[in-house]
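By letter and in written order, the chains are A, B, C and D; residue numbering begins at 1 in each of them.
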Amino acid sequence: MKKIMNDPSQIVTEMVQGLVRSYPDQLKQIPGTEAVMKIADLKHRPQVGIVSGGGSGHEPTHAGFVGDGMLTAAVCGQVFTSPTPDQIYEAIKAADAGRGVFLVIKNYSGDVMNFEMAKDMAAMDDIDVRSIVVDDDIAVENSTYTQGRRGVAGTIFVHKILGAYARQGAGIEAIEELAHQITPNIKTIGVALSGATVPEVGKPGFELAPDEIEYGVGIHGEPGYRREKLQDSKHLATELVGKLKEAHHMTAGEHFAVMVNGLGATPLMEQYVFMNDVLDLLAAENVEVDFTKVGNYMTSLDMAGVSLTIMKLIEPGWVAKLDEPVTTIGW
Amino acid sequence: MKKIMNDPSQIVTEMVQGLVRSYPDQLKQIPGTEAVMKIADLKHRPQVGIVSGGGSGHEPTHAGFVGDGMLTAAVCGQVFTSPTPDQIYEAIKAADAGRGVFLVIKNYSGDVMNFEMAKDMAAMDDIDVRSIVVDDDIAVENSTYTQGRRGVAGTIFVHKILGAYARQGAGIEAIEELAHQITPNIKTIGVALSGATVPEVGKPGFELAPDEIEYGVGIHGEPGYRREKLQDSKHLATELVGKLKEAHHMTAGEHFAVMVNGLGATPLMEQYVFMNDVLDLLAAENVEVDFTKVGNYMTSLDMAGVSLTIMKLIEPGWVAKLDEPVTTIGW
Amino acid sequence: MLTVENTLKWLELFDAKIQAEKDYLSELDTPIGDGDHGNNMSRGLLAVHDALTKQQPTDVQGILKTTAMMLISKVGGASGPLYGTAFLEMAKLSSTTLEVGPLLAAGLEGIQKRGHAQVGEKTLIDVWAPVVKAVEDGTLDVAAIEAAVESTKDMQATKGRASYVGERSIGHVDPGAASSGYLFTTMLMAGVLS
Amino acid sequence: MLTVENTLKWLELFDAKIQAEKDYLSELDTPIGDGDHGNNMSRGLLAVHDALTKQQPTDVQGILKTTAMMLISKVGGASGPLYGTAFLEMAKLSSTTLEVGPLLAAGLEGIQKRGHAQVGEKTLIDVWAPVVKAVEDGTLDVAAIEAAVESTKDMQATKGRASYVGERSIGHVDPGAASSGYLFTTMLMAGVLS
């Protein structure tokens, strides 16, 4: 394992310090936590706070999406480990401007439980806290067999749209309703070319042969649904678009937002080539692609590969919310 | 080699297509070229065009910095190969709004020669074309022994500051003068943890042992000045800051801008940890760090490692230009 | 019946066991999870140890509450809120009773409310549920605990991270079940039931 | 003296030689450069071949100009502008003279103006310069060309990418020198000098 780090057990602490010191005009650390919040006079233009978080190792998620028009605060857990309720609770308190706080949670048992406990704590302070559990990863079977679908890169669309509505002044009920409308329309699936190495573990979570890929791997290296020999980008795009098409019951004329997300070690060059193939396939379906985005947004440490998120835009207003400029590091 | 691509000889073409199709409101391809320019009515608010470019494989550089407040156009050569003069010439013509065009060239023999030829061509069209050759990489000895210092990540600071002045309406002479003022104050040095694989070549340009790093490697894998065993982030920071401190004759009270740049496969987490150590070392020198930036800006395909750029802010106005918002994909 | 002495003894023994078996617990978590259960529990019990040493709580409720707070705030992941909630529920009830049976039952109820898992889903519940029953029946011994832990081996996980490996989870002992096994064997050793 | 026939013949032979030695040229470029010189030249000469076939220029100037334009617009890197400029300068002068000596001298001057390199810096100039001299002296033969190419082996590069490897560039033939060697041996084969 070659990593630029000091003591692996301090990596999250040092990361958060490096982050807030690099962007002192945009971010600050919530004292006594590894949570990060935006620098802004919350009292001045009070809005519903949007708080997210989860294990670290997915940078720029989540702290990179803190800023005007997106998240109010983000909580950074240990690598691939949900943050603890006390830290989430501090973030909720810091993000509350009197209009309530909305939590965006990725569907992992740890995250769900820790965020719920924090919610319980905040309820005792009379803060109106509501939440959504995002479960966009269609690689996983539904919850009869598993913990349910995982929350992956599509979560960023939730941050963006809710953040835009919150900035515009929407109330907590409206945000909650919207979150429940958006989330079922977001679907993601990934393909890994290599495993990720957790700093404290020191070896990759899984290994692939030099010519092998795996479809459906999770962002913590959870096993996927099929391994096969690496083929060209068109082939990968056909597999992933095919799965998403099916999951969306895609029909001609529908409108979509599309995100190609690099998992960490895959160059942008490859991501653009992949997007080019994805857009060809979607054009062949005669659907409208109203929003596109390519880059490393929800990574898995040094994993190579990409995920593809396709969101059905059932409301015409959503694309404007995706397009709105924000002042974050990561979007 | 595991890469998400189709025919390697078409990778740049497909990349450029994927890029402009992903950001159709921001970028367009200059017909018949692999150059990209911003979507804007140049006639409406005429400004000096800022054009850059070079070999591909450094994404988001250069096309990712095309947009309001930065580059007017960028020319994408083959992987690690300078673009040809005809393509640069087309970009110059497209970027000209009657106030002249300024070229930002990285100091590689190929780039310098191809851009100069394009300049000659444009001169025949009576376009006022001027240029700067950026040579920020202090790993290389000066030009008595070599082609001169290479142009690397510090080039992005040149794009940003010149772009800001151009947007504000500065004339071509002012831009030229500024470019010559800025450039000698920008110094960069890198450390590689692994080599980069050019798609058409199929194997890494150099190999490092599992516990080995190399200081001073160039962004095309040019050999560096020393190999040693990987040590912790503080150690790497001490080496790179030490070299830059010396090169800048850094003294207490001076003001600087600092960029930690990921070379492609190194996670943001590690980059933030590294920046944290860099800022500690600079604090110990009692210098002022007025601007900081961390991320993958000038990559070298899938190389692991970072580069550190430190710019001396000898003019108080420069930091405001670095801070100004832009509408680009990559900044 | 819990007393200050036997509760402190219990937690001390549990801490020692977790530190000793840290690597084994993480190994159990590798094929069917993310390989961190030993690290998570170790971090948590270290914090419990430090807090108890520093705060020196003088009643059982104080001990249980401190334990709960440390597990909640230091473990993270899935096991943090589960163990934390269990101790928190025990702490709450301990103002009413110090009987082990009802206390553990309250802890189990907390785990189930928190994690929404049932018996047979290959989680720590598959140790807690039979243990609670055996305490009530007066039949708890090391063999019963070990049998409960072993029983998770043949189950297929449908909750937690292990559910993502589907049928491949069969054949592996659940790491949370194993750590819960240590919780109860150390409870016996601390003489809480005698 | 250049004629339409021998110039076309020359470029045809040069193209064939470059395609045959493509991998060898890239190999030469690996220890001291970025391993693409063969690919670059191959791409360029293919384009020259196609353009000449399509455009069928009927005078020497047209042939040289087409060749220059294709090398400039298809090769990129360092060798594209250098070879391109050389052919462009030859094309320019070819309206005045078709004598090989002055034409090659003009080409060399173009290369030097473009790349600012001198003799002895381990570049293609170290082949062009002695060849231009030998043509003027009437002493050019294959042995002289090969000697010039070989002479770059002991030099240390101070221009181009090879300069970055410093002293380690010594001991390797310069790839641009090697491809220029082919340019001049095929020129001899095409009978341009006879």
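Operating definition for what follows: a residue touches a chain if its C-beta (ideal position, glycine included) is under 8 Å from a C-beta of that chain, and two chains touch if they have at least 3 such contacts.
None of the values given here were measured: they were computed from a predicted structure.
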Inter-chain centre distance, chain B versus chain D - centres from mean C-alpha coordinates, in Å: 31
Centroid spacing, where centroids are CA-atom means, of chain B and chain C in whole angstrom: 54
Between chain A and chain B, centroid-to-centroid distance (C-alpha), Å: 29
Touching two or more other chains - residues of chain D: none
Multi-partner residues of chain A (each touching 2 or more other chains): none
Overall pattern in which the protein chains touch one another (line/ring/star/complete/other): line
Each pair of chains that touches, named by its two labels: A-B, A-C, B-D
In the complex, chain B residues that touch chain D: 77-78, 80-87, 108-110, 113-114, 116-117, 140-141, 144-147, 150, 198, 200-201, 205, 218, 220-223
Of all residues in chain D, those that touch chain B in their complex: 34-36, 39-40, 72-78, 80-82, 84-85, 114-115, 158-161, 163-166, 168
Chain B residues touching chain A - in the complex, by the definition given at the top: 2-6, 11, 14-19, 21-25, 56-57, 59-60, 64, 79, 193-194, 210-211, 213, 230, 232-234, 236, 260, 264-277, 279, 292-296, 299, 301-302, 304-306, 323, 325, 327, 329
